[in-house]
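The chains carry the letters A, B, C, D and E, assigned in the order they are written, with residues numbered from 1 in each.
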Amino acid sequence: MTITSPPEQQHRPVRRIGDRVFSGVARGAGIAILVILAGVAVFLVIEALPALTASAGDIPGGEGLASYIAPLIFGTLLSAVIALLVATPLAVAIALFITHFAPRRLAQSLGYVVDLLAAIPSIVYGFWGVAWLAPNLVPLYVWLEENLGFIPLFAGPASSTGRTMLTAGLVLAIMILPIISAISREVFLQVPSLHREAALALGATRWEMIRLAVLPYGRSGIIGGAMLGLGRALGETMAIALVLSVSGGITFNLISSGNPSTIAANVALEFPESSGLDVNALIASGLALFVITFAVNMLARSIVNRRADFSGAN
Amino acid sequence: GASNEADTDSAGTGGGELSGDLVGAGASSQQAAMQGWQAGFTDVEPGVNLSYDPVGSGGGREQFLAGGTDFAGSDAALDDEELALAEERCGASGVFELPNYISPIAVVYNLEGVDELNLSPETLAGIFDQKITNWNDPAIAADNPDATLPDQGITPVNRSDESGTTENFVEYLAAAAGDAWPHEVSGDWPVSGGEAAQGTSGVVGAVEAGAGAIGYADLSQAGDLGVASIGVGEEFVAPSAETAAAVVENSEPLSGRGEYDFAIELNRDTTGSGEYPIVLVSYHVGCIEYEDQETADLVKAFMTYVVSEDGQQAAAEAAGSAPISDTLREQAQTAIDAITASA
Amino acid sequence: MPQTSTSTPETASAGSGTSTALHSVGHLGRWAPWAIFAGAAAVAALLGMATGLNAAVFAIYTVALGTIALYAASRKVEGRRRATDRLVTCVVVSAFGLAMVPLVSLVIEVVSKGIGRLDSEFFASSMTGIIGEGGGVYHAIAGTLIITALTTLISVPIGLLTAIYLVEYGTGRLKRAITFLVDVMTGIPSIVAGLFAYALFAVFFGPGVRLGIAGAVALSVLMIPVVVRSAEEVLKLVPNELREASYALGVPKWRTIVKIVLPTAVAGLATGVTLAIARVIGETAPLLVTVGIINGTNLDPFDGRMATLPVYAYYQLTQPGVPPEFAIDRAWTAALVLIIIVMGLNIVARLFSRFFAPKTGR
Amino acid sequence: MAKRIDVSDLNIYYGNFLAVEGVTVSIEPRSVTALIGPSGCGKSTFLRSLNRMHEVLPGARVEGKVSMDGQDLYAPDVDPVDVRRHIGMVFQRPNPFPTMSIYDNVAAGIRLNARKMKKNDLDDLVERSLLGANLWKEVKDRLTRPASGLSGGQQQRLCIARAIAVEPDVLLMDEPASALDPISTLAIEDLMTELKERFTIVIVTHNMQQAARVSEQTGFFNVAGAGQPGRLIEFNATEKIFSNPDEKATEDYISGRFG
Amino acid sequence: MAKRIDVSDLNIYYGNFLAVEGVTVSIEPRSVTALIGPSGCGKSTFLRSLNRMHEVLPGARVEGKVSMDGQDLYAPDVDPVDVRRHIGMVFQRPNPFPTMSIYDNVAAGIRLNARKMKKNDLDDLVERSLLGANLWKEVKDRLTRPASGLSGGQQQRLCIARAIAVEPDVLLMDEPASALDPISTLAIEDLMTELKERFTIVIVTHNMQQAARVSEQTGFFNVAGAGQPGRLIEFNATEKIFSNPDEKATEDYISGRFG
């Protein structure tokens, strides 16, 4: 019998030194992430503090921090929500097309193309939004104003350049489309064939099989992907800065040139020429954005967990 | 890759003894001109590695005052608070501020069938304040008796980012248009609801894209767009290098500043003939006394080049700016000659 | 059972248990959808002529008419369920087509505007001494590669080790906290990451500091969570059987991870890292505030400003000189180069998977 | 409405790989037919070809003829969706829809076919199906709970309830009890004996005692080696197969020399 | 180097769930011991507790005593890694390392433990192990090819070669032939008969004929129902178990009334 028994500690289970070091390092890396995140939070709070405590008149706009940031938060949420509403159904459709409708050979290359699009730098989307999308949307906006102008969203006057909130939302939608569809595609592919075959064996058509087995199973994945997309849409900077005509306060009018800015774009637009308290105000808006993303993540988690009983995971 | 830098090594014409890094940052308005200066200065002093980061005037001043850069480019002169900080940075002998870059800001428009447009200050203010909203408005017609103005809405385009161009333009409106322009002066556009675009190129792009649009941008970037003549006194003056330089020449220096601080108070409400008052003046800000000899020499050499006729010509070619007058050049040279090292 | 029954699936409803026909009432041939859509296109063309034809309107009419017609025909001939199936197929395919329009136009736009300056000079020269025409991105490519490499160097070890912790070691609250915070971290806006890195370095080097390494730190904040996420997924896919096979040979856990788990997952890890790189390589905003821009070539990330492709493209587009065309062309070409680099990375990752993936097949 | 199934000269492929070769067999209505044989011999493959579930896999296809009461299931104008409506299937591992309640699982197939059914009728049908699957007593108080909360054996019976709810003519079961404990296994075997009153049942099993206990007819599949196609070696009355098979290979297998 | 294993009063838990209860048994060296029983009765769980593979799962733990030639394997100062070095294991599904060649797979136990060995000695060892696993002839010309290119039966024998290369004292096998075709199954059975000359072998099998053919001792596990712990019902000489078991439950199981 040659089992070695290091005689030290009697009560702790025996663990090799290599194991202890390696797991320690791995845990250290995990903790490093906590530290980085805490660092970001602390930095934001410290730098935002002067703006939080400053008198209203010193904040840009002269009416206090709340009324400075409120339109920015509104613009951020509005553009991101538009993006999400447009992108999610399209992304699910793309994912379904690739996984269940396209011929197999085609499907693989389509998947590859969509992955690639997820990696196109955002500044390129910005260039394209200004140069191609915005001008091409002008006729649509004119049409919307003329025919659906009674809806406040399309009250107009239609922008003559097309650089509107709706355009910005669409650019964001296109940016996050590949992310959401890539993740949805993955979960759709992971739907156990067991479930798909259960539906087919009941005599379900393709769509019924998708409705019975694929979508319910993929639901939390779709939500996860959408939240990832939402996170990116909330924080997108350059594309919005380039595309959106920002000259206005809170408005739901989506097709005119007076739009609220978004937090991230506003930081990019104002930061270079800012000094002193203005910078603190900008960082305070960054803190608000950080809090929003945090909240969005919490929300996503609770949505995914709420019906955990019924989820495909168990 | 590095070959392109190598082959300028041998191409040096004059001077050529200096070497080292010279770092500047600041106004983006100077970026194009700086490109020209950089190119020309490399011919003179091939050993010097000059970099300029167009972070914006505010950032440029801040970085310079914090000691992060050797000089700043700024669309505005230092304010009192900053002058106090400058003493920490540069010592008692203070700073130089040289108006080395003069550029006319054009009012550009996109209106089919109208090749020439005259706008009085009040009309201009009314348009950008969104009080005048149609091209066939009587106020515009009064300025342009010969033109046939279409019945078309006006889309005023402004900068969405905080900018020196905006600040100068608004300053002009506030000074020249009187009650027609009720807003405060700052680098942020004060009127909401118009079309806003990022950067000069964004404004030009938006004006190009929108029929009936009007905006303000560096003259050199106006491209094919229509350029309005602005009412000065009894006449309408078109922007050009000459008319822009003229208004700077005739402006008063800011009082109560250091010996080598040549910041000027632009004569926005000028009525002088042939003076175009919507100009952007961008300064170079640096120390009179640097801590080490090398930096002092580099700054001195670079500023000498910038104010030289060659230098101003290079900027005119690269950025379409207006060369400074001989008077300004002589004045600047006195400051440059005073640059020393403290050690 | 009669060969030709008349009962539809609906009437053969469950519980009745009488009819058991296998044939639907009818069956639209394979050609039917094509024919219907061709008809729709013809009608759309006519309609379009009346209302002013353009490609978008024509496409919308065709798809809408075709879908409705196909649904109606199928509903009549094949019954409700089959018709719904066809309707969904039409909707999914046209949604896919719709989504492809902007994506394709994006690629076409960038390629057509960028291809003009895609010459050797563009790759071989920096912007030193360039006014107007000419110039290139040598310095920016070098900067982007250096900063991205540094970012990778920081992010991959931290991200990979964290993923290992989460998959192999993590338990309880620390694991849950890290998982959640990694989620949160994926949502940090890039500009916030940039400001954070700037402030961090400003503490040590004073305000106005611009360093390549600061950019790498900013990008790491963005990249680490992506690496963790993808590595976590891939490590989870390594079958437990392999771990157990290794334990059963008396191999300690850490060696099992290093020698069995990681090599088995290497292809997926490489793909994940590549996608993570692609995610950050095009970031503009954080580099704007941490690294700045210069015209010349600086290869030292610990000393002063560097040029990077996205920032370069941004400034060329927003601050063109006189005349602006040359700079704008350079901006588009720089964007195209960026996309080419990202694509190149993807191909490398694919080759990597090809070579290192566990061998299967005989 | 139990139906007979006739298979003639059936070859089944996965892409280019011929997995099952030349099967000809007649399956009687209102009886249990068992398929036995060593692993990889193609039992599952053959079973799945009977209700056209085989072709769901990419590249999978068949040659030959399968007919139900004389009607060719693979005729070009026959819709596989209809085939599967009439020939139900229960899988080796229980696969209830995890996102649905117990009730919804049973109702899933009915809802597809008859959109408008009165709540009462549906309730009745669900109850009848669960009774038929011997599960009603255990779940009647928690019909709205997720199906994933049931034990393995209960889940499998739920899957049977779901399959019989649409009143198929034939019920295919692929090793329905192999993942279950002995008690659940007995419950399922008893259930089969009841169900054969109404359905034609075909089961695959690796458990010869099970085949002997529940089936009237037994088919023995075998495969010569990896990469070779599986074949139906012998098809006979169960008693004969287990007492005095015609083929030597069958006897070897039954007597446990391999498998 | 075969060793004997003594188990007394072993309870095995998954978290709070008691999966196997009160097992006491002695396993003889240089013999094959077979464990049989219906699915879910805890055969695998018990087997895995013998070389402390059980505790790899989160929350899994045991109570009671397992000793090998008198040394307590669960003593606090015993390193489980060492235990597993001495008690090898072969799994139900063949699991060669997919990134490694055939040669590297066999050498893995040595290499992964960073034991230094001369190239020649290692070559010898690999050859000996492959010979021992009856695989040498089939693979000697393609030792550097990936292991995943082998057939299922070959892969399983490769796993056996890998296990015996580290020269363990005991070899545990969990249904080693259940995923294999008949020919490979026979090869593995023959191999076991050879290996018992050198090792103590414990196998789990669901195939009673297999147990009868290869083992000297047989243990029958059973479980009363889902959620109940499994128990060792009877442990006896194989002949006795299959001809005249002491317990009624054993007889029921053997005679095929369930399972």
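In this text, a contact is a pair of C-beta atoms (placed from the backbone, for glycine too) under 8 Å apart; a residue touches a chain by one contact, two chains touch by 3 or more.
Model, not experiment: these values are computed from the prediction.
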Review point. Between chain B and chain D, which partner chains are common?
Key: A, C
Point to revise | Joint neighbours of chain C and chain B, given as chain labels | key: A
Check your understanding: With chain centres set to the mean of the C-alpha atoms, which chain is at the far end from chain A?
Key -> E
Check your understanding: Between C-D and A-D, which chain pair is linked by more C-beta pairs in contact?
Key -> A-D
Practice item. Quick one: point me to the chain whose Cα centre is farthest from that of chain D. Key: B
Practice item. Pick the chain whose C-alpha centre of mass, unweighted, sits closest to the average of all protein C-alpha coordinates shown. Key: C
Review point. CA centre of chain A versus CA centre of chain D: separation in Å?
Key: 46
Study note, to complete from the structure: Expressed in whole Å, how far the mean CA point of chain A lies from that of chain C is 13
Revision key, fill the gap. The distance between the C-alpha centres of chain A and chain B, rounded to whole Å, is 39
Study note, to complete from the structure: Here the gap between chain D and chain E, centre to centre from mean Cα coordinates and rounded to Å, is 34
Exercise for review: Identify all positions of chain D at which a residue touches two or more other chains, and write them in rising order.
Suggested key: 81-83, 85-86, 109, 112-113, 166
**Study point:** Sites on chain A at which at least two other chains make contact
**Key:** 16, 203, 205, 208, 271
Exercise for review: Could you list which residues of chain B touch at least two other chains?
Suggested key: 28, 55, 59, 62, 198, 202
Exercise for review: Under the touch definition given earlier, write down the residues of chain E that touch chain C in their complex.
Suggested key: 51, 53, 56, 58, 81-86, 88-89, 91, 93, 95-99, 108-109, 111-114, 146, 148-150, 159, 162-163, 166
Point to revise | chain B contact footprint on chain C (complex, rising order) | key: 124-132, 138-139, 142, 206-210, 292-297, 304-305, 315, 317-324, 328
Practice item. Please name which positions on chain A make contact with chain C in the complex. Key: 16, 18-19, 21-23, 25-34, 36-37, 39-40, 43-44, 47, 89-91, 93-94, 96-97, 101, 112, 115-125, 127-128, 131-133, 170, 174, 177-178, 181, 203, 205-208, 210, 228, 231, 234-238, 263-264, 267-268, 271, 283, 286, 289-290, 293-294, 296-297, 300-301
Review point. Once bound in the complex, which stretches of chain D touch chain C?
Key: 1, 3, 68-71, 73, 77-79, 81-83, 85-86, 109-110, 112-115, 117, 121, 125, 165-167, 169
Study note, to complete from the structure: Touching chain D in the complex, chain A uses residues 104, 192, 194-205, 208, 212-213, 216-217, 219, 307, 309-314
